[in-house]
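In the two complexes below, chain A is the common chain; its partner is chain B in one and chain C in the other.
So, the complex of A and B:
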């Protein structure tokens, strides 16, 4: 029987990359048709296909790694590089929005009244809910680090508790932001202030939801004993992503909420 | 999940009848504190690679290759799962022309260009 003489994982063909690409097409065109024609069919189809792809693809990865043992040390190293590069690309994504914010706010146009916040805009008080929304990601950074150390030391119960706490804090943050969005005295349509505010914080909120989902998806394998004290890359990736999301919030808070008010 | 509950109920009943101590059904080997180690749980290629490295062997070429002098007394050791393997010799550092040749089992062969010695050593893949 021919076994490979290298430590890399030559993946078997699967349909999920294709369904993922199709769902990306359906979601983007669906967004456009929703904006123009107010129909949500394409968007709904695309989202369903995306959820199916995510479920099946990650289930396949869990099978290949935990149950079949394909994730040797070199494979893990490659996955780490991949996650780091992905997070770096997301950092640059946010840099774009911060650039837009500072471009408009450092030298406010005469149409805005020559000042920032622009005339007519009542910004949110940075020392009310936004401050709480800063304490929450910081606390969840602590809990996710606690979870990581628990896993490395082989302590199952503290790991479960701290990971659950991290997910709960993430959900709390999303709930608070949703409430803030609802109660805000300005909207996306309120000039460049509203635009930079909601686009930057909105994308951040989306990333918080993604990060929370990632952590929730880590809880499930953990309860089924998938992680070992040495090999738990899925959790590492979730923790890195979560720290990234928390750091972006800090920058958002300091730039848009505090300095920009 | 219902199947598992049913199975557990049946097992418990049978065990209580025969007086056997009931062991946790699906967790037979786990560390004291609850999270398994690689030693307990790694499987497949990952396990084979880890076990081999623990014994000081590297059949999957994970580590950097060892440096050899290339002399008759200290030839380059070339592991092989068959009886011959292609060798590419960079006679000097930064050479762009690689000297390729087949290395056969048996006596050490020399690079036709720089004369370094190469010796094929048979290796089995763990399985």
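So, the complex of A and C:
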């Protein structure tokens, strides 16, 4: 193995950051060519390349950590700090959208009729599907905690079941939101209400999909015995991200759905 | 005065005796070895307890550990041989081809439209 006098991980060069960067280029220019010329080739190519990059990069991390043992305690500490800082940056990302919402809704402009919701907008009833959509992330927070404790105790079957339940609840939430989007009586183009509503809930939905994918990806290493009872950082990161997504929904629900109706 | 190394500030800071730095593995009353890693064990009924219980396939992690720790200076992302190479080459082909295609497409879209 590497002969180093420290516990840190000096990563070997790999091609995946380059392929990831190129995939970002292809996806963004693909979006542009799709908008202008209605061709999806570049976009499709970029998405394929992104998926290939993600698969190979995370496979590489698993090889370096589980199979080669590079993730010592200091390395894991650094990864934890990294994840916390990333989630913090995402919190600020959402703060921007909440700022926009409160800016428009606390002192509604005269063009909206001087009230919130604006004249002509029929908001969604917060005690129908949105309330179910609140119970679902709360339940999935319970199941992900259950999964965590099962992993820590080495109980394989309960961990598998609770992690699968978490993923299913995440998919259920996405399906419900998609249905709500389809049935909503207002659109993104309906003034500042539609804009703040769909941008905030839309980005949240994207984060739900990311979190669900993260948890799904954790299922695979778990079935292959990669997690040990005291070293399972991949799962910890997924669980933190998932809790963050659930908390953002709670804020969204209380601000936009409930107070804003 | 007792000291500990603070991870956050990356400096030595004063600390209580119990939290003070002690050399790796040297703790009073604690054995020197790290706790045994508990790979998940399946829950099993008393009636079906056997010497080794398999659930969803055997644990292949030790085999992979041996494979990936072989010192043959092959980079980690190619260490598994043919499947790794195929996937890498496909990805690289898409990357370079895609980048070229993208530049061409952007050049075309940048052309002014003839009225």
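Everything below uses one rule, namely that the second predicted complex is superposed on the first by the 259 of 261 C-alpha atoms of A that agree within 3 Å, B and C clash if a C-alpha of one lies under 4 Å from a C-alpha of the other, contacts with A are read in each partner's own complex, and residues count from 1 in each chain.
In this text, a residue touches a chain if its C-beta (ideal position, glycine included) is under 8 Å from a C-beta of that chain, and two chains touch if they have at least 3 such contacts.
Because the structure is predicted, anything quoted here is derived from the model rather than measured.
Q: Does the superposition put A:12 against chain B (first), chain C (second), both, or neither?
A: A:12 sits against chain C, while chain B stays out of touch.
Q: If you stack the two complexes on chain A, which partner ends up touching A:72: first (chain B), second (chain C), both, or neither?
A: First partner only, chain B.
Q: If we overlay the two complexes on their shared chain A, which of chain B and chain C does A:63 touch? Say first, second, both or neither.
A: A:63: touches chain C, not chain B.
Q: What is the contact status of A:156 with respect to chain B (first) and chain C (second): first, second, both, or neither?
A: Touch status of A:156: both partners.
Q: Comparing chain B against chain C, which has contacts with more of the residues in chain A?
A: C
Q: Between chain B (first) and chain C (second), which does A:108 come into contact with in this model arrangement: first, second, both, or neither?
A: Neither partner.
Q: Let me test your reading of the model: by the given contact rule, A:3 touches which partner, first (chain B), second (chain C), both or neither?
A: In the superposed model, A:3 contacts chain B only, not chain C.
Q: After lining up the shared chain so the two structures overlap, which partner does A:49 touch, if you call chain B first and chain C second: first, second, both or neither?
A: Only chain C; A:49 stays clear of chain B.
Q: Just chain B (first), just chain C (second), both, or neither: which does A:229 touch?
A: Both partners, chain B and chain C.
Q: Could you tell me which stretches of chain A are touched by chain B in one complex and by chain C in the other?
A: 1, 67-69, 74, 151, 154-157, 159, 225, 227-231
Q: For a test of understanding, state which residues of chain A touch chain C in their complex under the given definition.
A: Those in contact with chain C are residues 1, 12-16, 18-19, 22-23, 25-26, 29-30, 32-33, 36-37, 41-42, 45-46, 48-49, 52-53, 56, 59-60, 63-64, 66-69, 74, 77, 151, 154-160, 222-231.
Q: Chain A touches which residues of chain C in the complex?
A: Interface residues on chain C, with respect to chain A: 7, 35, 37-43, 55-57, 59-61, 64-65, 67-69, 71, 75-77, 79, 87-88, 90-92, 94-95, 98-99, 101-102, 105-106, 109.
Q: With touch defined as at the start, can you tell me which chain A residues reach chain B in the complex?
A: Contacts found on chain A: 1, 3-7, 67-74, 151, 153-157, 159, 225, 227-231.
Q: Give the list of chain B residues in touch with chain A in this complex.
A: So the residues of chain B touching chain A come out as 27, 30-38, 40-49, 59-62, 81, 125, 127.
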